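Each of the next two complexes has chain A plus one more chain, namely chain B in the first and chain C in the second.
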Partner chain A sequence: MAIFSRGFSGRPRESNPDLPPGQFLTEDFPVLSAGPTPRLDTADWKFEIKTETGQTLSWNWDELTALGLEDVHTDIHCVTRWSKLGTDWRGISLDKLFEDAETSFDFVMVHSYGGYTTNLPLEDLMNGQAWIATEFGGEPLEPDHGGPARLLVPHLYFWKSAKWVRGITMQRTDSPGFWEQNGYHIYGDPWREERYW
Partner chain B sequence: MTHLDGNALAGPLSEVFRDDMTTALGRCASCGDVSVLAEALVYDAAPGWAVRCHACGDVLMTFVRTLDRLRIDMRGLTALEIPS
Partner chain C sequence: MTFRDWLVGTVVSTTMQTPTAKSIVLDVPGWKGSAAGQHVDVRLTAEDGYQAVRAYSLASTGPGDRVELAVDLIEDGEVSPYLVGELREGDQLEFRGPLGRWFVWKPGDTQPVQLVAGGSGVVPLLAMARAHAASGSEAKFRLLYSVRTPAEVFYADELASLAGPNFEVTFVYTRQTPPGWPHPAGRVSREILGSATIPAAENPAVFVCGPTGFVESVADWLVELGHNALAVKTERFGGN
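Entry: the complex of A and B
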């Protein structure tokens, strides 16, 4: 019995310098999810950052997109071993969203509509490394790929780029999220092949 | 997202339990529904498998196969009743 995503195991190793170890190039954009796809209307959508001081920063869709979308050209790497090179996104930098955040905590828990969670160090969201992505390939982000908005943290395995993102809660310690509790690595650097505990 | 039905669990659970677990009754920790595991929804197109309650959709179990082990998390199941 093999628990792997269908179609991404057993292929020969590729030797492309842009591919992290153990990864294979795909031209498709596989859809992976641990649950049903939520159908979210941007009219009802909001995003929140909550800190240990009791502060809650909140944006509705218009407020978020008014902060300005950046173009992001990047490679993405899924822990199920596919990589997609040279993808084009547009999104709001997390640097902008954290400008007014009052926190001394070093870690975050990312929450999604539908209940998914994933943990990251705050420093991995800062300095032009992470976005709330609303467009892919010049089009609004499709629901199956996390639309209307997903986190985009392309330097880590893609399970960290939570689909259907709805908020971030600051945390004192690096408590594990959904897959991190269940066997996947607490950090997830594809270049160090940090797949599992 | 597409998903499989709970009969897909026969394989991985056979590594842990002696019987066919797809006919076992499981109680959902979230909504209290009691159903055979064959009725669960198995989302396999993910880093691991997420097995969800057919009634409320909450997660009953996850399966992650790493390089050297199979890890099963069952926090969403408060009871299992296995036919004898």
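Entry: the complex of A and C
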């Protein structure tokens, strides 16, 4: 049972059903990163999927964007408690990228330029739930928000949507990535408030 | 008790650090201490059960029953106006933590440490300077502190007393300097950063904390100045 805070009334109640527990709305787009922002040139950029069979699927920038961008209209939720509703992205569906992947593993480690990693179950990336996003709000994605390309998995807390994404490696077990080793939850469902472990 | 459980602290003292910022010392029986640089979630509950939670860096570090926060007022905020304007001695405050294991300095770390603060971003860095002093660590420490005016310096007296051969403090005033200050007011530049911080060649661990725009600029320049990006840890607040 919580104690009451003498003299605290709070803001007018936000009874927005789109807002997960413990989150507040922001019109801003705050930045959460562990270190400096990598500056990447799309001319040198590539994205790879590696599986346990030794298979490597690889795309350069032109090859990736030629797969076709989808419009994604979605809410995003950061573990630091801000949520942004109705954001507009464009990106390449992970379903397309995994079409030819040969794997029986159930988990992935996502790698970023700059060394950041995050872990997810593969099923959270499939069936129209995840994209490699290259545009936000009709513009190319800015570097501090993960540009030129970031993972977009909006049904999980936003640290899972790895910035500056470089590739995905299949893994047998759900080994923790960077933030997960530094105190954040292994899965990160905002509707169950899976912030820390 | 784990860091996931909500704890109750009793306010034993508050101090206005600047015209808009207040430090708050809580008595928390059974507190297991924190590492320098960690933060807590603070939870407020209204009479109708409505709750608001925000994260604040800890100024305190190490063991003991005392927990110290320092909170800067955000004009249109929901939690900081209450903490800065209303909370007083004897009140109870709920929080949980300590949280975060990345933006942390430990006394066993022997490499040089460069701290770079923008405004209220100095709070977790002060915790590191306190831990450095309390442990007798011989690691070289340096702080570059960007602040608008002399009146807005957090923990000014304590920073002055902590400063010494092993802890050099440099201020950059962005709006107004003290009388007779040798430099005009202005923002941190790449040149200032290059001349007033531990050089990349000494392989320092670097901790940068402040508003997003400040941290973005500083972190970019540090990389340009030759620092290993993996040795530069950042904590940002606010949007863009």
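The working rule: the second predicted complex is superposed on the first by the 183 of 197 C-alpha atoms of A that agree within 3 Å, B and C clash if a C-alpha of one lies under 4 Å from a C-alpha of the other, contacts with A are read in each partner's own complex, and residues count from 1 in each chain.
Convention: a residue touches a chain if its C-beta (ideal position, glycine included) is under 8 Å from a C-beta of that chain, and two chains touch if they have at least 3 such contacts.
Fair warning: this is a prediction, and the values are worked out from it, not measured in the lab.
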First, second, both or neither for A:W159, with chain B first and chain C second: first
Contacts of A:D62 with chain B and chain C, given as first, second, both or neither: neither
Chain B or chain C, by number of chain A residues touched: C
Which superposed partner A:T26 touches (first chain B, second chain C, both, neither): second
Contacts of A:G183 with chain B and chain C, given as first, second, both or neither: both
Chain B versus chain C as contact partner of A:E52, first or second or both or neither: neither
Contacts of A:E123 with chain B and chain C, given as first, second, both or neither: neither
Contacts of A:P36 with chain B and chain C, given as first, second, both or neither: both
Contacts on chain A seen with chain B and repeated with chain C across the two complexes: 2-6, 30-37, 80, 115, 144, 179, 181-183, 196-197
Sites on chain A touched by chain C in the complex: 2-11, 13, 22, 24, 26, 28-39, 80-81, 114-115, 144, 179, 181-183, 196-197
Contacting residues of chain B [partner chain A, same complex]: 1, 3, 11-12, 14-15, 43-50, 52, 57-59, 62-67, 70-71, 73
Touching residues on chain A, where the partner in the complex is chain B: 1-6, 30-37, 79-80, 115, 144, 159, 178-179, 181-184, 195-197
Complex contact set, residues of chain C against chain A: 3-4, 6, 8, 43-47, 49-55, 78, 82, 86, 91-94, 99-103, 212, 216, 219-220, 222-223, 229-230, 232-234, 236-240
